[in-house]
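Heads up, the next two complexes both have subunit A, just with different partners, subunit B and then subunit C.
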Partner chain A sequence: MKTIRTSIIGFGAIGQGVAEVLLLKKEYLRSLGLEVRVVAVADSKGATFNPNGVDLAKCLVRKRETGTVALEKLSGLELIKRLDHELVIETTPTNIETGGVGLQNMRAAFETGKDVVTSNKGPLTLKYGELQEAAKAAGSKFRFEASVGGAMPIINLVNEVLAGNEVKGIKGILNGTCNYILSRMLEEKASYKDILAESMELGIAETDPSYDVEGIDTACKLVILANALFGLDATYNDVEVTGITKITPDALEMAQENGYVIKLIGEVSRKGLQVAPRLVPIKHPLAVGGTLNVASVDTELAGEITVTGKGAGPIETASAILSDLISIYREC
Partner chain B sequence: MRISMDIELKDVPGQMLLALQPLSECRANLITVVHHHQKRTPRNTMPVQLVLETRPENLELLKARLEANGIRVVRVGEQRFRESVSVVLIGHVIHTGIQDTIDRIDKTGFAEVVDLSLSMPGIEKPSSALIKIDAVGKEELQKALAILREVSAKKDLLMVLPIGIQA
Partner chain C sequence: MKTIRTSIIGFGAIGQGVAEVLLLKKEYLRSLGLEVRVVAVADSKGATFNPNGVDLAKCLVRKRETGTVALEKLSGLELIKRLDHELVIETTPTNIETGGVGLQNMRAAFETGKDVVTSNKGPLTLKYGELQEAAKAAGSKFRFEASVGGAMPIINLVNEVLAGNEVKGIKGILNGTCNYILSRMLEEKASYKDILAESMELGIAETDPSYDVEGIDTACKLVILANALFGLDATYNDVEVTGITKITPDALEMAQENGYVIKLIGEVSRKGLQVAPRLVPIKHPLAVGGTLNVASVDTELAGEITVTGKGAGPIETASAILSDLISIYREC
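This part shows the complex of A and B:
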């Protein structure tokens, strides 16, 4: 049995989802020869830690009841630096301007020789090259499947399952909120504003939806895909971005009459990175509705491969984090 | 029927007139003329490409009249539109003279607006249009899209292109 001591830094929707999945999959992980021992959990107010393992079920209850998991006034960053462990699960908020605390956490993890599994797009969008270098220099593993498309497997699919294939291009729907809004506008023949309001009510769009509807979130994910699968060192500024705020119900209807749906498509190829509303033939594999994400990878040998799945949600995203964890420790 | 025709003119004044006269006599409608002033054939003539609309039964007569005027007809072919694209435009499409744009594309000779749907929900509201363009080849299609792109940028229209078409 191999013991993996891990911290969960960031205990919001995703961090808690990870805790639940680890509890749920404890026996399964054992059957793979893996004992995942969470030695620290941190949120913005502090942390709890125990070198012999914290009680995850109690952490979840405490977070729900008191609003914080903290028992000590210690930050996640300090714990990464000071506490002996193998893996940092980094699930703090995405910040694409500075990289936020996530960037500091990842740097500290690599400086102290730890592996990182994350769902946080900010550091990956801003400092991909630097972080990869740091991981390499430390001999650390660095995985971020959950940062793009939630449960939809794309990075590991291309890097592992399709290994050996040169990737010629990737295009897809990488933001569930935009997909939901466009799908509903067509169904209801309703304006962008009305459906945006509905999405906020349902909790599908955030109170400040600009990050999603202006195409910024899609652009960040595109940058991560370009870097991870194309071997680029692109940043957000390399993407030409147009969002969905100008789309009208009339345009959606006209498109439909001519055999198309309108989707916010992120596309990366040798010619560059672009996010824009596009016409997608109704029967095309990319024409998925609701909040689904989808990506189509054009590969040298295998041709076009399309994957679709839930792009968000705590358990769905935690599933991608779990698969990263397993693939790191099962293989070595 | 749309015809593309390669002809050769001698390098003396008045040749173009001799070439155009038979067209009107045979009721052919000239769509474009591409004149290669710099180019010369080995016969020291000037190559010119015409695209015209004519009835099939008038074509032989047209060729004969051109030859009679001393114009060499090198190649005649039916112009086929092999490529087609639908584009959605959103914004103040109407006020921007959509007809101008269509005319510009049609005048290229190698591309044509074959369909246009418009929706104008209200004066202050953005309208939407779906335009279908046919072109003789991929390159020509891109050139037609370039015209549309130029207009969209100038008039602040959102242009929604199909996937697979280079934006």
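This part shows the complex of A and C:
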């Protein structure tokens, strides 16, 4: 049995999802020879830690009842630096302006020789090259499947399963909110404004939806895909971005009459990185509805391979984090 | 550099595709630390071998010009038994009645401690449990991504990328010919008979199309998926099978008016293994057209994940064989 001591830094929806999944999958992980011992959990108010393992069930209850997991006035960053452990699961909120506390956490993890698994887009969008260098210099593993498309396993699909296939291009629907809005506008022949209001009521769109509908979220995920799959060091500024706010029901209907749907597509190709509404043939694997995410990889030998999955949700995202963890530590 | 001595047993379209892909990817394989040395190539008429490596380019030319790669009156089976090598790439024609020569080849490979990568459905459909036991007893690796859905990487997606996710069920379109016929019948409002004739002219359907249109091919692939992903030891006889020969253009049109398409779906669930025409919502990721293959995996944590790709083609299938080879021998 291999013991992996890990911290969970960030204990919002995703961090709590990770805790739940680790509790749920304890026996399964043991069957793979892995004992995952969570030695620290931190949120923005403080932390709890125990070198022999914290009680995750109690952490979840305390968070729910008091709004924080904290028992000590310690930051995640301090724990990463001072506490002996192998893996940092970084799930603090995304900040794409500065990288936020997540960037500091990842730097500190690599400085102290730890591995990192994360769902946090900000640091990857701003400082991908620097972080990969730091991981390499430290001999650390760095995995971030959960940062793009939640449960849709695009990065590991290409890197692990399609080994031997040169990737020529990628395009995808990487934002579930935009996909939902465009799908509903067509179904209801309703305006962007009306469906946006509906989406906000349902909690599918945020109170400030601009991050989604202006294409910013899609662009961040596209940057991560481009860096991970083409070995680039692109940042958000390298992406040409158009959102969905100007799409009309008429445009959607006219497209449909001609056998197309309009989708917000992020694309990496020789022309660079672009996010824009595009016509997609209605029978193409990219033409999925609802809040689904989807990505098509154009490969040299295998042609186009497409993968579709739920783009969000704490348990779905936590499952991607778990897969990364297993793929790092499982014996080959 | 790790040298992998391999044989290619079966030198039809797929075997030749493997040879082409190995030539094309020589440098890439070296960059992964792998030197793949083909020491024997066999077809039904004989073989050629050289412990220092055969010339693959010459093999391809000889096959094209003379109809066989043979320089010696030796069978693949004899070479597997007598010639020192690590890997057998088994690409002989599928025989789902007896397992054919492929079954003997795989047994011999494991008896002599070799690894096997194959695209051959027959042996896997008939003797999955026995072959897995034999591989295990020999400490051999046994991979067969190419046997289901050509370039659509469903088996490795589940086993490698979705590790940690319990699979609850699988359904998919596993036969490109049936998908093509049903897609075209709807587009042209034409009868099954007319579109079948078109498909035969285009070479999409075989001269004897019953293996495809009766659902037999789908059932074989479903058996392999069920065995590989649920650890079953099912055979073809465990599948309830209905083909597409009774579908009418009216049925397809009526389905479409209600937001559905009719597809030949293979499904593994608690109810067992079934192949039958089913209604699929038009916006569901399974609703892909043309000759594409697609499979949806229903997972415990990540929800439904769908992967789509080209189901056939020598280079596409060979690329799946190459991915299996790399995943066996690449250093972790």
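Remarks
Here, the second predicted complex is superposed on the first by the 330 of 332 C-alpha atoms of A that agree within 3 Å, B and C clash if a C-alpha of one lies under 4 Å from a C-alpha of the other, contacts with A are read in each partner's own complex, and residues count from 1 in each chain.
Rule of thumb we're sticking to: a contact is a pair of C-beta atoms (placed from the backbone, for glycine too) under 8 Å apart; a residue touches a chain by one contact, two chains touch by 3 or more.
All values reported here derive from a predicted model rather than from experimental measurement.
Applying the stated contact rule after C-alpha superposition, one finds that A:241 touches neither subunit B nor subunit C. Looking at the superposed arrangement, the partner reaching more residues of subunit A, out of subunit B and subunit C, is C. Contacts of A:74 after superposition on the shared chain: neither subunit B nor subunit C is touched.
Shared-chain residue A:157: touches subunit C; no touch with subunit B. In the superposed model, A:304 lies in contact with subunit C only, and not with subunit B. Look at A:271: by the touch rule set out above, it reaches subunit B but stays clear of subunit C.
In the overlay built on the shared chain, the residue A:260 is in contact with subunit B alone; subunit C does not reach it. When the two structures are aligned on the shared chain, A:200 is found in touch with neither subunit B nor subunit C. Judged by the document's definition of touching, subunit A residues 284 lie at the interface with subunit B and also at the interface with subunit C. Here subunit A touches subunit B in the complex through residues 171, 242, 246-248, 250-251, 253-255, 257-258, 260, 262, 265, 267, 271, 274, 276-281, 284, 286, going by the rule given at the top.
Residues 86-88, 90-91, 117, 119, 121, 125-130, 132, 158, 160-163, 166-167 of subunit B are the ones that touch subunit A when the two sit in their complex. Residues 21, 24-25, 28-29, 32, 151-153, 156-157, 160-166, 183, 283-285, 287-290, 292, 294, 299, 301-310, 313, 315-316, 318-320, 322-323, 325-327, 330, 332 of subunit C touch subunit A in their complex.
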